[in-house]
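Have a look at this one.
So that you can tell them apart, the chains are marked A, B, C, D, E and F in the order they are listed, and the count of residues begins at 1 in each.
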Amino acid sequence: MGFDARTLHRIITAALDEDIGTGDLTSELILKGDESGVARAVAKNGPIILAGMEVFRQTFLACDPELKFSLCDEDGTVAPKGRVISSISGRLKGIIAAERIALNFLQRMCGIATLTRQYTECVTGTKARILDTRKTMPGLRMLDKYAVAVGGGMNHRYGLFDAVLVKDNHISAAGGIGKVLERLAVHGSVPVKVEVEVKSISELEEVLSCPGIVNVVMLDNMTIEEIRKAVARIDGKIPVEVSGNVTLSNIRTIAETGVDFISVGSLTHSAPAADISLTIE
Amino acid sequence: MGFDARTLHRIITAALDEDIGTGDLTSELILKGDESGVARAVAKNGPIILAGMEVFRQTFLACDPELKFSLCDEDGTVAPKGRVISSISGRLKGIIAAERIALNFLQRMCGIATLTRQYTECVTGTKARILDTRKTMPGLRMLDKYAVAVGGGMNHRYGLFDAVLVKDNHISAAGGIGKVLERLAVHGSVPVKVEVEVKSISELEEVLSCPGIVNVVMLDNMTIEEIRKAVARIDGKIPVEVSGNVTLSNIRTIAETGVDFISVGSLTHSAPAADISLTIE
Amino acid sequence: MGFDARTLHRIITAALDEDIGTGDLTSELILKGDESGVARAVAKNGPIILAGMEVFRQTFLACDPELKFSLCDEDGTVAPKGRVISSISGRLKGIIAAERIALNFLQRMCGIATLTRQYTECVTGTKARILDTRKTMPGLRMLDKYAVAVGGGMNHRYGLFDAVLVKDNHISAAGGIGKVLERLAVHGSVPVKVEVEVKSISELEEVLSCPGIVNVVMLDNMTIEEIRKAVARIDGKIPVEVSGNVTLSNIRTIAETGVDFISVGSLTHSAPAADISLTIE
Amino acid sequence: MGFDARTLHRIITAALDEDIGTGDLTSELILKGDESGVARAVAKNGPIILAGMEVFRQTFLACDPELKFSLCDEDGTVAPKGRVISSISGRLKGIIAAERIALNFLQRMCGIATLTRQYTECVTGTKARILDTRKTMPGLRMLDKYAVAVGGGMNHRYGLFDAVLVKDNHISAAGGIGKVLERLAVHGSVPVKVEVEVKSISELEEVLSCPGIVNVVMLDNMTIEEIRKAVARIDGKIPVEVSGNVTLSNIRTIAETGVDFISVGSLTHSAPAADISLTIE
Amino acid sequence: MGFDARTLHRIITAALDEDIGTGDLTSELILKGDESGVARAVAKNGPIILAGMEVFRQTFLACDPELKFSLCDEDGTVAPKGRVISSISGRLKGIIAAERIALNFLQRMCGIATLTRQYTECVTGTKARILDTRKTMPGLRMLDKYAVAVGGGMNHRYGLFDAVLVKDNHISAAGGIGKVLERLAVHGSVPVKVEVEVKSISELEEVLSCPGIVNVVMLDNMTIEEIRKAVARIDGKIPVEVSGNVTLSNIRTIAETGVDFISVGSLTHSAPAADISLTIE
Amino acid sequence: MGFDARTLHRIITAALDEDIGTGDLTSELILKGDESGVARAVAKNGPIILAGMEVFRQTFLACDPELKFSLCDEDGTVAPKGRVISSISGRLKGIIAAERIALNFLQRMCGIATLTRQYTECVTGTKARILDTRKTMPGLRMLDKYAVAVGGGMNHRYGLFDAVLVKDNHISAAGGIGKVLERLAVHGSVPVKVEVEVKSISELEEVLSCPGIVNVVMLDNMTIEEIRKAVARIDGKIPVEVSGNVTLSNIRTIAETGVDFISVGSLTHSAPAADISLTIE
């Protein structure tokens, strides 16, 4: 669990450029520039699973490398309402310039981690693990996926380049699952894993009839009844992922069917921001 | 209402790079490359306020400039559940490569526009207008703000560079609102508008005692009672914005106090994604 | 008054890349690389209003971060002919590589500040303030506008994005000033200021008949007589800017009509470079 | 004489980004977007030597590729006051967005070409050719040098990478001209030309005593008397360049001494912009 | 087998920028610009396995989009000495500007494909497949790997991000292969494949004692005798890769031990360029 | 001999991005992150001419700026088989992330320097100097040319922008060598050198008949007999370069004809990588 420092630097720089543009007019007018003080970041509601504290910190340092953090909680910490999670001292000009963007990153990442934790808690005691999807915010996938991991979720493939995932549209395009399995067989082993989505028990049977080709099977938009039938049919021969229409209400039932993975798009496309504010004393 | 074509191009390119990286492994294995067909985008629940259809379209064209759109609904359209909002024909390889990113953009933008519409409908008949904030997704501010406008909201300043907005942290840093007004007076007119946040009636009185300096006054985190008092005291001399803790439940009451603007951070930091899918026939 | 550090870094890097390209052939041939010494920058004529000393300094540091400045005068200083304005010590290789670009920046910025000062001195005692325009050097607007401010001028809008300025070509395109005012009224308040250019008293009357819509009125290419008439007609109800054909010879007369702002394109499109040289001892 | 298309594209894009930023607010408010018309560029004073017409044209096309040019005069044309030099038709939105930047490029380039022509006319009938220097606008060197060539000047080296030019600061750093010549001799032939600056007849003698090493000799800041002496001493054995304090008043006298090249920094650091305007009918 | 169009575009653009820089001086001096003609690319020795013909073609089109290819052989074609593999017609200026870079790409890619073919032919009839490595030319990995595939090799992981490959240095760092297997077991399934390098039969035994964790085992720098022993011990339970000191002389013997994959660094770090020239008629 | 620090930084960053992409999966799984140790780079065969040690060092520092080098041999050193050429200590995570790319650079550069040395040794005692060509790896020309210089070769022009080299295709395009010389004469002196390729004694005669225009003449693909004739004919009046089909076998014979320069494409298009490995203790 970690992220690439050079990519993080580029994301932060682009975000600051977008916001600051040709300059922070308000500070230029109101501040002399050398005022200094202390700012505190506080969880306004809770509990929040903290994620992105390093992103938060680097955003301030990008505006003023001389700012000091006397406190910066660790990712994974559970912050109750009212907790001071960071304390920053130094020139106020840089603190104020970075504030909104640092919070935009942190509130999103904490929101994702907190929602992920709710999903993982729902499946406690089952063998099911929560996966994320590619339904992330364009440009922020690295941060979104990191926040899922902090929340206890597991990362699915990063993008189109690091795993094979044959979905319904590929199957239509190829002319059926039989054709798909044929082509996978021809290409032999590839350096990444191969996952295939099935929409019915009969598609599943076709996959099972070609052992050694598919590493994970995905049950797409099936009912609980169908999932149970599929799990029984697979019988542990191959890991199973469930995808589609998963909510906090139905995930426990799905997990109890004995599937290995449940992927949840809303972790990254609909997590509400955590409420965190920054106040200068 | 519009957005800059060059910036849009860069946002789309970066998002595709992030997802496709070194290549779409699945299509390379499964497709021959020249399969063609038709894909349809459908609203899976509704009603959705469409926003971002041009972003959606350009994302597909970035992957294959020869794709054709026989249907691409206009932004602002209200799409009921089940409506086909776009129809794309051409090589499936490009359609499949673009699909997820095109939907990621569209689902976010429609989510924002739909939520904004809910807020604007709450204030119908009052003079209050809904404003967005800088609490947007890093890197996507142009698209976020555009979606707010499509939903009937009004755009507040774009960033730190195109308006002066003196907030509590500036006031602390400067040493009180009196100092702030003094410095604004010294600098005289600037080519952008000046808004000042007040936390109490006494701060408001200070602003009102210096006419001609402040273009908009923001009432920050005040109770309804305080807002009423402030509006009465201002008496139309200067436009008033309310900010902080605004929800779908309390916005009507706020609007009925007679304020001019109500800014809502959750429009862009917590709008759930609209549910839209793409299916190849 | 200040400028964004990240943007400055990019401007300096691009300028050095343009000049150094694949390497400084002369130093590679002539120097061993570890020669060190002291270089002094001197005003060759004067008085020069210094502007851009930090740009000058950062350009040298971009070539060799270990160079030391025992002297680097402040912006706004009036340098008489012969004054040593900066003294740099360290490895000569970096000093020589940076020299021309550092001077190119500094000579332009000092040239602009010095010319601006001449204009502002012409209007001493009147209420008129000198504004810059968008007639800046492509890629260098931030530096050009900063130099104007150092010279005592005031910055007009930065670009097309941070203020509304309706000019003759917009009025033609829209079909007359009546249409323009109509559309501005429909859109209601925007977060930036609105300025409208008028070419005649009758256009001015139309603007005045719609109070509350236009924040500044610009008198474009009017004669002194027309300006006087317009100022009398406006009678302080709205700030007035004069634009077009302003020179050091006629600016005092214009200022004495009582206008608030006079914008001068030549500050940035035709300021001659200040004469500054660098000598290694 | 020409310039690299990819570099031009990057320069134009950066300039438009700088000006348009997050969008052209005025056109968004005032125009519907589909208004069309014809714009004409006119020389407001003259005669102007046109340079940069292709840069002008490409700037408009970067904003709207469907604009049509029924007229676009050729570089090198002498435009008298009042001449229509270009006529553009199409959607006004793009024309207005591009206008200022297109003119900023064109006015600078025509200004340089026109000033260069004045210098070249001063030396008619002598063998002296006018050279530019590296005193160009950071980021715009390609355009500046092109404009000099259009005006009849000759381009000196592009940057530090495509010729060796040993100046006074190199000579100091190396420890005298003797050392310089020694090192040049050791390195033998390089794929670029070698020019050496001399400040006195004795330095010149040293250069002449090492034939075959130096391709051009530069007389730096010498009086007319010294130049005459140097030319006599060199006696055609090696091309001679004069540099330093060259003006329109003294260039003829310098040229008549029989030197081969005269370099003029003010061509690119102090050329006033040509006066050109764009009007929509 | 294919490559990402946007990445290819960036690679070609960077290569042309590196070579053309501030302009093609020779063509600017020698050509009028509108000369046109036909150029033919010819294999100067052979047989060459063609790879990169599309890269070759796009490089020319990047210099002049109007060039026409009446012939452009397909990748994978075996070109004997003397074969005309491409024929290009249009303006000579663009053909000459692109020529060297287009050939630099093509000669490298054909060199790699031709060498790969020699290796694959050595193992005909065995089940061994030839793999590439990460020993590619910095910046050109996409092209290098594509050329290997054209030559009949199989691509190993693209980079550090799309597969887990535990090498000797990881094992040292972790404190032994036992620790490595422990950590892999804790992390459970990851979306990519896991390969582990072993240097001895005892390390191999440890891997085999933890079934289900490692997808491929790599025998690093083993003798033929050790490889045979390892293959016998593994007995088909897990795919085996051999790496280290593989040459055209010993690869057949290695393949005949029954291993699944043999990786060959020299395919991409030491392939000599194919000899191809371009002549204008 | 040196290279531009900013360009080097960009090359290294791009290479690391290409390899590390979204993260080093193996280290993330296997390492805790704070393990530290010592790594040694060793010449696996030899003798190797070291070139690129600074590139090697900077690549590690780009991954972890706190790594320490207790040993880093100088470029130009002759490393026998088994020699430890560098010793690096610090966190293993960064060492492992940088290892492959650092070696990819170093193995290529040492390969080029070592091959260049073989060529230069072949011509010892003659006046011939070995030149490189533009047949370099796209994107790595600066490093390739530097390595040639370390190996004792001399750098020809960097690209199309810093010297004029009229080749056969230009001569065809222009309509014969007569036309070429005519145009060169018209343009007069340019700030770079002019080299012209001749294919026959008669073309050579034409060049010699226009003294003062051509700085170097290139004999392209001539036989030894023709080269001898050409050298005799030129008789020292102008430096001579031989190009085409030069190998380690025939270069001595060519050099003994008395030519000044021999250019060798294979130095950079076909140098095999030097064998260097990195081991953690």
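Definition applied: contacts are C-beta pairs under 8 Å (C-beta built on N, C-alpha and C of every residue); 3 or more make two chains touch, one makes a residue touch a chain.
Computed from a predicted structure; not experimentally measured.
At the interface between chain A and chain F, under half of the residue numbers involved are used by both copies, so each side presents largely different positions. When chain centres are set by their Cα atoms, the one at the greatest distance from chain D is A. In this entry, chain B maps onto chain E through a rotation of 120 degrees when their C-alpha atoms are superposed, rounded to the nearest 5.
Looking across D-E, B-C or D-F, the interface that copies B-D in more than half of its residue contact pairs is found at D-E. Using CA-based centroids throughout, the chain positioned farthest away from chain B is F. In this structure, the chain pairs B-C and A-B differ in their number of contacting C-beta pairs, and the larger number is found at A-B.
Averaged Cα coordinates give chain C a centre that lies 22 Å from the centre of chain D. Averaged C-alpha coordinates give centres for chain A and chain E that are 33 Å from one another. Distance between chain C and chain E, defined via averaged C-alpha coordinates, is recorded as 53 Å. Contact with two or more other chains is made by residues 20-23, 158-159, 161-163, 192 of chain E.
The residues of chain C lying in touch with chain F in their complex are 13, 16-17, 20-23, 28, 33.
By the touch criterion given at the top, residues 1-4, 6-7, 142, 158-159, 162 of chain D touch chain E in their complex. By the touch criterion stated above, chain D contacts chain F in their complex at residues 129, 154-158, 161-163, 188-189, 191-193, 239, 260. By the touch criterion given at the top, residues 11, 14-15, 18-27, 29-31, 35, 37, 39, 92, 95-97, 99-101, 103-105, 107-108, 111, 134-141, 158-170, 172-174, 180, 183-184, 187, 190, 192, 265-266, 269-270, 272-273, 278-281 of chain E touch chain F in their complex. Within the complex formed with chain F, the chain B residues making contact are 21-22.
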